[in-house]
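Chain naming follows the written order as A, B and C, and within any one chain the residues start at number 1.
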Amino acid sequence: MLTSILSFLVLGTVLGVVYVLFSEGFSLLYGVAGVLNGAYGALYMVVDYAVFLFFFYLKLGAVASILLSLAFVAAVAFLAQKYVASRGRSPLEALFITLAFAFVLQYSVQFLQCSSAFPESCQYPAFVPVFITGSTSILGVSVFNQYVIADLVSVVVLVSVWLLLSRTRTGKGIRAVSQDHMAASLVGINPERAILITSLLAAVMAGTSSVFLASYQTVDPTIGWSVLTLAFAIVVIGGLGSLVGTVVASFILAFIRTYILLFVNPLLADFVSLALLIVVLLIRPQGIFGREVS
Amino acid sequence: MSHLIRGIKFRTSSFYVIIASIALLVAVEVLTTNPFVVGVFTLIAVYGVLALSWDVLSGLTGYLNFGLAFPFGVGGYLAALASTRVGLGPAESILLAGAGAIGFGFIAGATSLRLRGHFFIMVTLLIPLATADFLNYALVQDGSIFGVNSLVNDTAYVYNAAVAILAASAVLFYMVAYSRLGLIFRSIRENEVAAEALGINTAKYKMLAFSLSNFFAGMIGAVYVFSNGVASPTDFGLLFSALPVFMCALGGMGTIVGPIIGTILLEGSIDFLRINYIQDARLLIASLLLLLVLLFFPKGIWGYIKRGES
Amino acid sequence: MENVMKRFGGITALNGVSFSVKQNEFVGIIGPNGAGKTTLFSTIVGALKPDAGRIVFRGKDITGMRPSATVHLGLARTFQIVRPFLNLTVLENVLLSAISRRVSRGGSRPEDRAHVALKRVGLDAREPVLASKLTHGELKRLGIAQAIALEPVLLLLDEPFGGLSTEEIGIVSGALVELSRAGTSFVIIEHRVREMMRIVNRVIALDQGSVLTAGTPEEVVNDKRVIEAFLGGGANFARSKTN
């Protein structure tokens, strides 16, 4: 009994930290751009394939593959934001356009991975290797080392981002833009630049979490959607625009998911997250910490 | 409510194109028995109905429904159940599927229509995905219903049913869109608060649009299941939610003609472009096409053609 | 039949406002900015819910009823900043009101009612034009046409003359007088007090959410408290009286 509870607590926490990482990326982007980016999940997916490409085909080392992939996805995100997402005349149009872009990414990857144009690659389903092998025991619970490192890296990235936002001029500019585009531009801050930088940050955050989580999951072009769903669920439940809320909601969802995986039925995991999201949207659309929805 | 479907002009280019498309679909059946061609046009009819259903709700009221797979899948499963467990004939099953889709749609709509903007998009997107997950878990045999065999070999019946549903929905939706009711729907898209201030019960009209959309989506979902012989969770898949949206955006949202044009172009190219390397890239080409249209022709093809008029 | 509107209490924007409007009356409301005039209208039609008090309309308690419902009982309002459907034509904008009003007094078609309303405000020549292309004055008149097409029993007008040219004011005043002959009652908020004084029977002065005083136009305008509350405005009233 005790071991079960400990498993639940430890694994839930481990998962929660990583959830915080990728949902904060999504949340930041929403806060600054005012737009929900429908391609976020696709970017998450693209990182995995990039790592696979660099590591498996180009035979680069693990670290090099990861760093290159992060750079790659950051570039994609940057270009997407500059040339695609910003073309939407309203937040709705932008969401629409980014969703279309997500499909383009998905089908591009699908085509490159396996098609009559690239027949050989069909034999090798994509995967992201386990970078750090072995496991350690935390409070008597066996946790994969990779997840432990993932948590450490996540914390480092989150703290760095937080420092960036609160201490540097760029960061303060970003925060100003997230509060009021008009006011920010009146004092000389360029909202577009802030949005572009934020999209780079968000891509790196999504990519980092993706790299660590993907080793223990299947990788296919459609995984982006469940990630987008999860990030959206977390951000909405925590409250759009509230960074604290995102943290809280990340852990709530991580614990729920762990509980279902451990004690109920793994198949229900996605369904429960979605159901919870729908319930929250009905009862309290602004989430736990969010401001009133106008 | 009948006083709202008044004052409709039928001598418009839009209506002529609709009639021409229906005529085309009928002609195909008369002119050829090539199963491949009939199969493609069946798919065109299926996606056409979905696109039309999307347009009458989202194109007109502005509530962008990304979950059309839900009534589609529900209709399919209801028809499968009716056919295999209760022994209803295909026609009755199809109608039942439509009615059932409205019913289930009430639940989905009552919850989601209260939300605005991106919340509505995301919730509607998620409902069919959640349903598919649930079915995978709840039903044995991978969540599917097998043995829906009454029409599997009767491609003629399937095609006729699909075209009939397409014709009915196209004409009905045209009448809705270009009548006073259509004006009310469009006022919801333009400025919902102002519409309320003028005494328009927007909740009621949103549910009406939603129900119209669901009825036909459910029926065509039933036809789809009959043609496959199986109802499976993939019927709730993203493809059935997203492709119709693509087709409307391509053809022109809110015009009723747009979806038909978009469907013929998109589905036609997906299926007929069987040149070697292009074949597997079909979906990629389709989504690129969509992206380009969204970026450069926000009003779609028909919208671009008609851009001079008010 | 009486259109009785009584309000007690309210939000801090409105503090114990009470008054009533009789049928065929033309009531004007004046007050400095922030006195709560627009809030008052919003509360009456149901866009805002009062924290206390009641609103009774033709014998029915309509406190807190949704705007789309109050419209069907015979209430209508215009907005200080007009809310048209920009991508629809002028005719379509008014047609929506006409359609919304299900059963008309005369049993006419909505399209006819829309034409009539637009003619009354002088916009019939602009029917096929998109609302986004109208001038400010035309937009205000469009808002009034929308309200007219609802065939209201009681019409609340929020600064109907704001931004209108003298000619346009004449057209609108004429339309309102015609409506009043057909039995409509009015409540008008206006800063252009001079124009308003010509058509109202009674004036209510609001300040900081409370009623200062009420009475005939002359009484209110010369009331010391009103003059004080409006600071320099009082001098203008006195001058306008001699015009």
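Here is the rule we go by: a residue touches a chain if its C-beta (ideal position, glycine included) is under 8 Å from a C-beta of that chain, and two chains touch if they have at least 3 such contacts.
Here the structure is a predicted model, which means the values were calculated and not measured.
Taken chain by chain, the contacts run in an open path, each chain touching the next and the two ends left apart. Chain B has the C-alpha centroid lying closest to the overall centroid of all protein C-alpha atoms shown. Work out the mean CA point of chain A and of chain C, and you get 52 Å between them. For the pair chain B and chain C, the distance between mean C-alpha positions equals 44 Å.
The distance from the centre of chain A to the centre of chain B, with each centre set as the mean of the Cα atoms, comes to 32 Å. Interface residues of chain B, counted against chain C in their complex, comprise 3-4, 7, 180, 183-184, 186-187, 190-191, 193-202, 310. Of all residues in chain C, those touching chain B in their complex are 45, 47, 66-68, 71-72, 77, 79, 83-89, 92, 95-97, 99-102, 110-111, 128, 130, 146, 150.
Within the complex formed with chain B, the chain A residues making contact are 36, 84, 87, 89, 91-93, 95-97, 99-101, 103-104, 106-108, 110-111, 115-117, 222, 225, 229, 232, 236, 265, 267-268, 270-271, 274-275, 277-278, 281-282, 285. Those residues of chain B that touch chain A in the shared complex are 64, 66, 111, 114-115, 117-119, 121-123, 126-127, 129-130, 133-134, 136-137, 238, 242, 246, 249, 276-277, 279-281, 283-284, 286-288, 290-291, 294-295, 298.
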